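Each of the two complexes below includes chain A, the first together with chain B, the second together with chain C.
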Partner chain A sequence: MNPKALWSLYLPKWGATMQVAWSNLLVYRLNFLLSAIAPLVVFLVVKLSLWYRVYEGAPSALVGGFTFSQMATYHLWVFLTSLLVFNGNATKISEDIRMGKITSYLIYPFSLWEFHGATFLARTLVQLGIAATTLTGVWAFLSGQVHFPEPHTLALGLLLTLMAAGFWFWANYLVGLIGFWMEETWTLMVMLQILAYFLSGSLIPLSFYPPWLQGLLNYTPFPAIAYLPARVLMGESAGVIQALWVLGFWNLGAALLAQLVWKKGLRLYTAAGM
Partner chain B sequence: MIQASLLNKSFRIHKKQPGFIGALGNFFNREYHSKPAVVDFEVTVRPGEVIGLLGPNGAGKTTLMKMFTGIIVPSAGELKVLGQTPHLRSREFRKQIALVMGQKSQLWWDLPALDSFLLLQKYYEIPKADFKRRLDELSTLLGVIDLLEVHVRKLSLGERMKLELMSCLLHEPKILFLDEPTIGLDLVAQRNIRAFLARYQKEKGTTLILTSHYMADVEALCQRLVLILGGKKRFDGKIEDFEQILGNNKIVAYDFDRPLSTEDPVLAPFAPVWNEDRTRVELTIPALQLRELSQKILKDYPVVDFHTEKLPIERVMTQLMDRPELL
Partner chain C sequence: MGSRIKQYLSIYGSFFSTSFSAAMSFRGHFVLLILMDLVFYYTHLVSIDILYDHIQTIGIWDRQQLLFFASVMLAINQISMTLVSENYWIFPLSIRTGELDFSLIKPVNAVFLSFFRIIRPGSLINVCFTGPAVVYFGLQVGLSPLAWVCLPFAVVGGFLLQNAIEMFLSCAMFWMMDGTGINFIRVELQQLARWPDFVYPRLLRSSLTLVLPVLLIGSGPVRFLLDPTDGWPLVWLVGFLGLFWLLLGFFWRLGLKAYESASS
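Then we have the complex of A and B:
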């Protein structure tokens, strides 16, 4: 099948699934508003005030090579990239497997990964809107204190983030599929989440870490979740090309592994409760 | 349509002693064993047939349905549905089947059913004009036009089941699998679903495979029954033959205007079952003697009412479930 035919075959299905995901998001209005606002509140109340205490009222002092203003900018970008990346739903996937709720997607001519992929994409796009609104608000509020990147830098940062989001989707999906073997996967998910926070530079910039660990992390997709896009958006693009290759490799590897795990796991599926 | 040969399915299960100690023991030492759910099952289903899969809970009916639809993988044996191997789940195969699950909703709980239908239109690649025509046709037939835009969570079980059915028929499947489609419904809702299915099947010639514990469903819809006991096929034939599986007897109940003697010599040979106050008797009468004996009872006894049993297959089922060795 040629790419045009594939596009016209799959686009309506993905589009319709995304529309349903958006409709579901908007059903409970308060829930939606809270989920949109909560990360910003956490960012302002926890992260910024914490780092302010670290600098102890001396904003021009250097901590790990960052002034307070640079550190705040770094964490603003990290906050925005994490909005785009961390949209997975692994515990829901494994619960659906355990409770036999994936049955419908074994009957429909639309795969479970496609359904979750489209839902993930829908959520990422919503988060993109929230991130853009937050960024505009912060930029207007700080009136020039945050340096706004050039369009091509912004595009590069966004590309890195979206590829990292792709990896995070597959990682989440894989953990969810472990539900074929394990009754509960939330501990695995929490472990992966904590690992990602530490190794991506979400908590502290990776430049705080020993050089050997930084070198090792360059071959993993984690820095692309937070550290690399934040640095790119702050004007430093060293190592981006390698990161794109690394991300491409991990995305492909995780996608192939997910298909393999799906095939193996499905043989164990019992469609409980039917 | 469906061709199963020496089909087997076993599940791997482990047992756990009750309580915390049991949980602890189970944590360190878990013994698994294999439980056969379907054993050497053979069946051939022709296009347009309506087949009822009967059997008690745990007999293997639903496991068969799951294998037929490709949801689970058989442990052994051959299975072809529409010429394809179901568990390979090709898109072409999935576009030609549908599964109605009485105990599981396939509609989006927080959205109106129409949103789910529009999603299914894309999944099944139904052209817009066909979709609109089928939507109008089915919603009129099922009387749910006003419910299409109501959130699914606000609907009654009967209303929801009608919409579940609609969602499964929009792509006009060649085979419709129905797993207890009337479970939990009130009598009117059950009757409506049955009437709709019968009419739809007649019009479209769809092959229906039904499991239900309600014999009224089976009697109203199925021409052929397959009985499964302990994972094995024990009967496969016409519904009329199933009714006579334990002999060609008719069960007739007579109501009298006063108590009678339970020792009555005329009634005694026909295995009479009396009610508490001896005003009602149920007799098992060989078909050949039915006319003659009934005339005699109506003439000589103070009969105020009488009727033959409504669902003979229910009686046969009950007896076979109690005593499978009768087969």
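Then we have the complex of A and C:
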């Protein structure tokens, strides 16, 4: 099948699913704001307050290689990249498996991963809009205090973030598929999220961590969730090429593993309620 | 009065055994719940420890003082997770589906039935982590004998205030189509309370101490324990506990008037 035919076959399905996802997101707007954005806003308030106290009286002092202004900028970028990355909804997948709702995807010409992929993409696009609005607002109010990146730096930071978002989607999807073996998977998802916050440099930049841990983390996708994109957007691009390779590897590995787990899981699927 | 307490204890015993049986039905999930809490506790304490490798103090506290504060907050969080937290997520559903009717017709306090029915036994096991952590960091900061005696009461005081505030906030669910959003606010307030009050800018600190006193949950007891000669933090805590308990009663009754019952 030529690419044009493939495009016309898949685009309408993905587009329609994304439209449904947007409608679902906006039914309970308050819940969406409170569940997806408020945690990051509160996290930003906590972090900025905490770091303000750390640098109290000496904003130009270097702590872990950062001045206060650099630390504030770092956390602003972490906030924006987190908006784009943390969009998964694994609990829905395991619930669908438990209730026998995935049966539809076995007969539809649209697979479960495509459905969740389109939903994830829809959420990411909404979050991208929120991130862009936030960035424009911050830039307008704090121009001169926050260094705005060059277009190519912005593009590189965005590429890293979107690849990290891709990894996060596959990780979420995999955790959801564990629903074939377990009743509940939300605990695994929360655990992964806690670890991601800790190992990605969301609260404390990774340069504060012991060197052995930093070296180890370079081979995992976690630094690309927050630390690396933030550093790139602040004008430091050391280690980006390696990070892109590592992320590519993890994306591919997670996608292949997800297909394998899906096939294994289907053998156990009883289609409850049929 | 005695027989009433006995009745409630007997009901609570039944809640516990039912919750325990339910938890044992899904053992994998039971173990993961314990692990999840432990991962959270560990990463929170290690984050503070890593931070202090690069600085001497944050505000007025050194490493041991902040770790003691964090361990007390984790202990409060652990008690809350065990005894109450699951109920907050079920409450909006029981309002929407009308299941709250079953609590209202029983000859027992409906607030008690709504917020204490489901217990998470898995989290109870984590007292083996939070308890020793509080004692260890308490020893590190050199708590006085009076502070050691007051420590359990201070932790329970923080737990009671946290839940009085959260139950009060949950009353807003009576007026909402889907009250889940209130639960997200609740979780975010817990995140704010997880750091000491002096960290926040003055306006935010005043609001979160004197209007919605979530910063008193941990900072109140710990300030008193570190300096038992200053009893004001505890006085504030007890005062707000009473106030929010009264507010809860008032808004609960008001909420019940707005409640439309099942199938309406």
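FYI, the second predicted complex is superposed on the first by the 260 of 274 C-alpha atoms of A that agree within 3 Å, B and C clash if a C-alpha of one lies under 4 Å from a C-alpha of the other, contacts with A are read in each partner's own complex, and residues count from 1 in each chain.
Rule of thumb we're sticking to: a contact is a pair of C-beta atoms (placed from the backbone, for glycine too) under 8 Å apart; a residue touches a chain by one contact, two chains touch by 3 or more.
Quick caveat, the model's predicted, so the values are computed rather than measured.
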**Report entry** Contacts of A:N24 with chain B and chain C, given as first, second, both or neither
**Finding:** first
Query raised in the report: Which partner does A:A16 contact after superposing on A: first (chain B), second (chain C), both, neither?
Result: first
Query raised in the report: Just chain B (first), just chain C (second), both, or neither: which does A:L266 touch?
Result: first
Query raised in the report: On chain A, which partner touches more residues: chain B or chain C?
Result: C
Requested in this report: Applying the touch criterion given at the start, work out whether A:T103 contacts chain B, chain C, both or neither, answering first, second, both or neither.
Outcome: first
Report task. Please indicate which partner A:L125 is in contact with in the superposed arrangement: first for chain B, second for chain C, both, or neither. Result -> neither
Query raised in the report: Between chain B (first) and chain C (second), which does A:V46 come into contact with in this model arrangement: first, second, both, or neither?
Result: second
Query - Common interface positions of chain A, toward chain B and toward chain C - result: 28
Query - Parts of chain A lying in touch with chain C, wherever the complex brings them together - result: 28, 30-31, 34-35, 38-39, 42-43, 45-46, 49-50, 52-54, 56, 63-64, 182-184, 187-188, 190-191, 194-195, 197-198, 203-204, 208-210
Query raised in the report: Considering the complex alone, what residue numbers of chain B touch chain A?
Result: 11, 62, 65-66, 69-73, 87, 89, 91, 94-95, 97-99, 101, 103-104, 106, 108, 110-111, 115-116, 118-125, 179
Query raised in the report: Which residues of chain A touch chain B in their complex?
Result: 9, 12-13, 15-17, 19-20, 23-24, 27-28, 100-101, 103-104, 106-110, 266-267, 269-271, 273-274
Report summary line: Residue positions on chain C within touch of chain A in the complex are 26, 28-29, 32-33, 35-36, 39-40, 43, 46-47, 50-51, 53-55, 58-59, 177-178, 180-181, 184-185, 187-188, 191-192, 194-195, 198-201, 204
